[in-house]
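See the structures that follow.
Next come two complexes, and both contain chain A; in the first it sits with chain B, in the second with chain C.
Here is the complex of A and B:
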């Protein structure tokens, strides 16, 4: 490959900012803009601590958003993550609870803590495997499959907790992971998990061949297969990763609250989907980025917390969210069409 | 042929369309006589599409006037155009497969009362129109059971029965076999007898010479000439007017052909294919020629492992045919039949399209080699002459010929030793065709092998060393290309033996 780049300088110089970058910047500026507007109206909003809280309070949804984003870019939905959060949390409790408790809800399998964690993660990834099996092997639309497995996962959690929660007979170390402060600061381990996950995901998406494969498959699955890409294997990996992330989130949440609760993570799958769409990820696949999803989460967090700050009744929050989602997605479509006219 | 002097059915005067930085249509004036077949030719990018879009109301002209029957005409949508009697048959078909022929014909014109569909004379009218155009189609048949050509005829009938007196046809024969093309021509001639004017756009000059009454040539957005085809001295004059150079493909025996077999297929069979066996040699360009449905695409996909067939395919001593991934690893690449849906990632840029078939080369322990991607993109844009101002252009915005070159670049980047090309020049303009043929020849001269699957005889005779003739899934005959090839004989074989197809 010997080509003089100089001779073809025009081909390089004419490169403009990619649509991807454009949309990400747009989403980021909307997030910043909304934050500034909220700061003018809401007392005590414009504070460093509040900015940090916007991120740290949403560590769970943002983490789930990473797996969901990758899948969306590949052209697939994952609505099962909320159910998996409940399942893995409940499993981690049930597996570690000592045997022979006072009643059914206080006695578990009495496994060592590390083995219980592995078991919970395995349970989570089994749901991911089920997703992959139905989507890849039986070619059932992912939205249907994952809607089903969401209920399967939550259903199992419900059976184990008998529709209630398990929070007794737990070893002392159980509550450590979810509330561990790291580096001698007030930052908790789950937030560090989210941050590392985001960085790794951005690296995979931008710099690794795995990220590129995801875009190719999402942009045109037929052309991808005819170009020698093993779509089935790749989508299987994506579902396994997404379920593993959801599994870890479930484990951390149950550790933080020292309980396994079958309704935990309720509607989180929709929040994860919403922030991904707000972040500019195309629902048809092939377009979007994890950074965009992160700023999408900020937009949602600003809207929600500003509403709380304005002492707006929580009943109105859904409507407010809905308006934000509609406006943001319309703005993106409009901006992209205009740009590419 | 007598055309009375009357005000032209459609005329444009001083039509201009500007895009940012480009004048796509530059001061074009001509008129179209009633009840004629008026052909519009020009290379891709000559302004044909833009002109048609203005006529159908999809685009508004920057300047200039359009007139229908002498009256100024300013359509704002295809609906407006249709109401003025101008219907368009686009390259993509707009029929509903699940409905019957009749339901398709009356679609959007149903009479209703309180939301319930009521019977009207509409049905009788459309049945009659269909019967005049093509009596062999049963109005109660489901459209999904019809061939592409028949679906096109349904669209034509719909246009005609909606009262259109001008029907614009954009590349209507792109997906048709030669026999179906004949049938379409018959339909077009009948339309002309019914006082309907047809504006016919095609890259296939033979069709234009066979069918057209008059022709308008566009080049670089400018109007070159409008004149009756009876005053045009054959293909060469048309081509000269279109591009100002001669592009005739004359086969000359190539020296790079060897006797070393690289691929050997034995007994390929599936639903369509019947025991097909052949060899392809190193350095050779082989052609697979047959009508649509003869099994060309099926063979290409089988060799590439895209579809499973029984039989054995051995490439360089290695069994292949189980997956595209395996084929690419072994050194086989496919340019698929449908470039937009099967070959290209249309919402990605040229740069992002090129490396996809060689993941191994792009991966540095899992890290994507972005610098190599840039170099490859610039390299191939230059080597294949892809007309673009930037490697970051989205491939959906390229013309057909340039899109096909991007697909070729993808395959070349995979370092394949055997290139399978399924209809590589379909919907590609004459200039880009020649360039694609040169690319193919250079590849084969460099010791690679090429298999060309085509339904254009001219193309196969132009560049292939050996030609396999297919009919209904069987390999009927092998022809060594040379000056003494009898085209009548070839047409005879691919149409099923002794029926004899001579025009």
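Here is the complex of A and C:
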């Protein structure tokens, strides 16, 4: 009797951190460590403004990373986000451009601005729905599906802009959203969007059933289905969620630059995937966190901006990115196996 | 009295004969249908074999020589996907090989040694991929995403700042033979690059159907655990396949560099997408285990005919949309065809 109580107590005392928290802390400390190392080498790196810039300059990729992270945790890829950014940006411009411009590229549909935004968002979510249809209904591997929808989304954007961009005949309020300064500070609306999105995502992931279900599905889809979870509906929601975020990012970017450009968001899907991987999200699903993804983005930002600060040629960023991802993956595998020996 | 029964019986046999037949040969009908459509599309303005129409001799030669890079890559990529693995770095390998080949050529190395050294570099790059996947046990998608970035970075660094590609500049001149490989007709008006692609494909077809490597690749893709337990060294199979894909990507890079007369580090961008597309159209299952080299070759012809032939009908900015739609359609039709076969 007393033995079993002791055992229970020992079990209770042994409250060690979860593997996930461990990896997230590891990623965070690597981010901070890299920042300090970069501060020693790069002049003017250790400044508050620079720290802020590392986050604010990457608001678009971090926002996309939220949707991509949730999908990765559920065991699915989403490579279509870059294409959706281009599509929704171009749509928001095309729908709002007044009719009867000087040429084909300067005349649009002339809808009211709010309706154009809704239309752009609907276009983005239609691509998300297409992803869900092919992945969930037809059971085609998500990497193939989302590569295809990435091209379809960007392709539609290219057809609308005739392979170039639309930036004329826009109403005055068009540029407001992307460059609005909030509360009289230098912080812009897109950055606030990213911050709110991160907080909401962390809350959903940690505290809501929806978030926990995502982990179950990713860790073992069959067990999740057998225990009564509607995997198909859940993954559909995740794809719609991710495409809606990408749609908003596209709208904000096109508003910031006051143009709908069909090549905008090029390679953003790979960056979003890379920061999620750097942040310790397992590609097999069921493991990782949005906070980790955020610190993964910081790692990538420190590495690339330090390279720029050291006046290395911009070509170095590709090699640095590769080395960073390789080291991150190896370190995480090593840390986990060592810990669980 | 037994008539209805016999009728039923015969109809099922017809169905069970038709489905595999379609599965094996539909791809040829697709190619023929596209060619018929493209040759008929401009008949109101041009004669069938006249300049301006699809079947104009020089047009066909041009399409085939532009297709040389993907034709040479498709077979090896198929074998890799049959074994259940993927290489997203082929585009970067191609760009890096193009740069290496152009650098060797511009510095005075003769054709055959430049060719051989570049192919060897391709093998090493592919082997590096294999090392990451087999030895470091990184998921293929991530491993080759890492090398995609790495090889592209190296290629960009090899080209000096302020210039976009290796080309004739100042004292350094591209040798005269440089673009012969990709452009000059040697047989039936088609260049060496195309015939090398045909040769590589034949070798790979033999390898797939007549060698242990082909059997082992299919076994690895069909059921990795069973393959390993029955004594196949799956790691070695995968490693060798990655190296073969590397060589093919290098040959593709040489063909592209030679065709464009410059070593452009970005010349292979998007090639991984085209390769996946081509292999899917050829009916290879993404999950591994089945697929044929020859059908991917035909798949490559379909994609190139479609994209280049389309240019005569619609503006170039429709290309991405059409390729994306074809990719989705191919993936969906693969799904439905294989489901029908399981059902029957």
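Brief remarks follow.
Convention: the second predicted complex is superposed on the first by the 330 of 341 C-alpha atoms of A that agree within 3 Å, B and C clash if a C-alpha of one lies under 4 Å from a C-alpha of the other, contacts with A are read in each partner's own complex, and residues count from 1 in each chain.
In this section, a contact is a pair of C-beta atoms (placed from the backbone, for glycine too) under 8 Å apart; a residue touches a chain by one contact, two chains touch by 3 or more.
A quick note: this is a predicted structure, and the numbers were derived from the prediction, not measured.
Contacts of A:225 after superposition: chain B is touched, whereas chain C is not reached. Shared-chain residue A:338: touches no atom of chain B or chain C. By the document's definition of touching, of the two partners only chain C reaches A:143; chain B does not. Residue contacts after overlaying the shared chain place A:216 against chain B, while chain C stays out of touching range.
In the superposed model, A:162 makes contact with chain C only, not with chain B.
Contacts of A:313 after superposition on the shared chain: chain C is touched, whereas chain B is not. Ranked by how many residues of chain A each touches, chain B and chain C are led by C.
For chain C in complex with chain A, the touching residues are 132, 136-139, 141-142, 145-150, 152-154, 156-157, 161, 273, 276, 280, 286-287, 315-325, 327-328, 331-332, 334-335. Residue ranges of chain A in contact with chain C, taken from their complex: 77, 130, 134, 138-141, 143-145, 147-156, 158-159, 161-163, 262, 270, 273-274, 277, 283-284, 313, 315-323, 325-326, 329-330, 333. Per the touch definition, chain A reaches chain B in the complex via residues 1, 3, 5, 7-8, 10-12, 14-16, 18, 207-213, 215-216, 219-220, 222-230, 286-287, 340.
Of all residues in chain B, those touching chain A in their complex are 304, 306, 323-325, 327-329, 334, 336, 341-349, 352, 356-357, 359, 362-363, 366-368, 370, 372, 374-379, 381-382, 388-392, 394, 410, 414.
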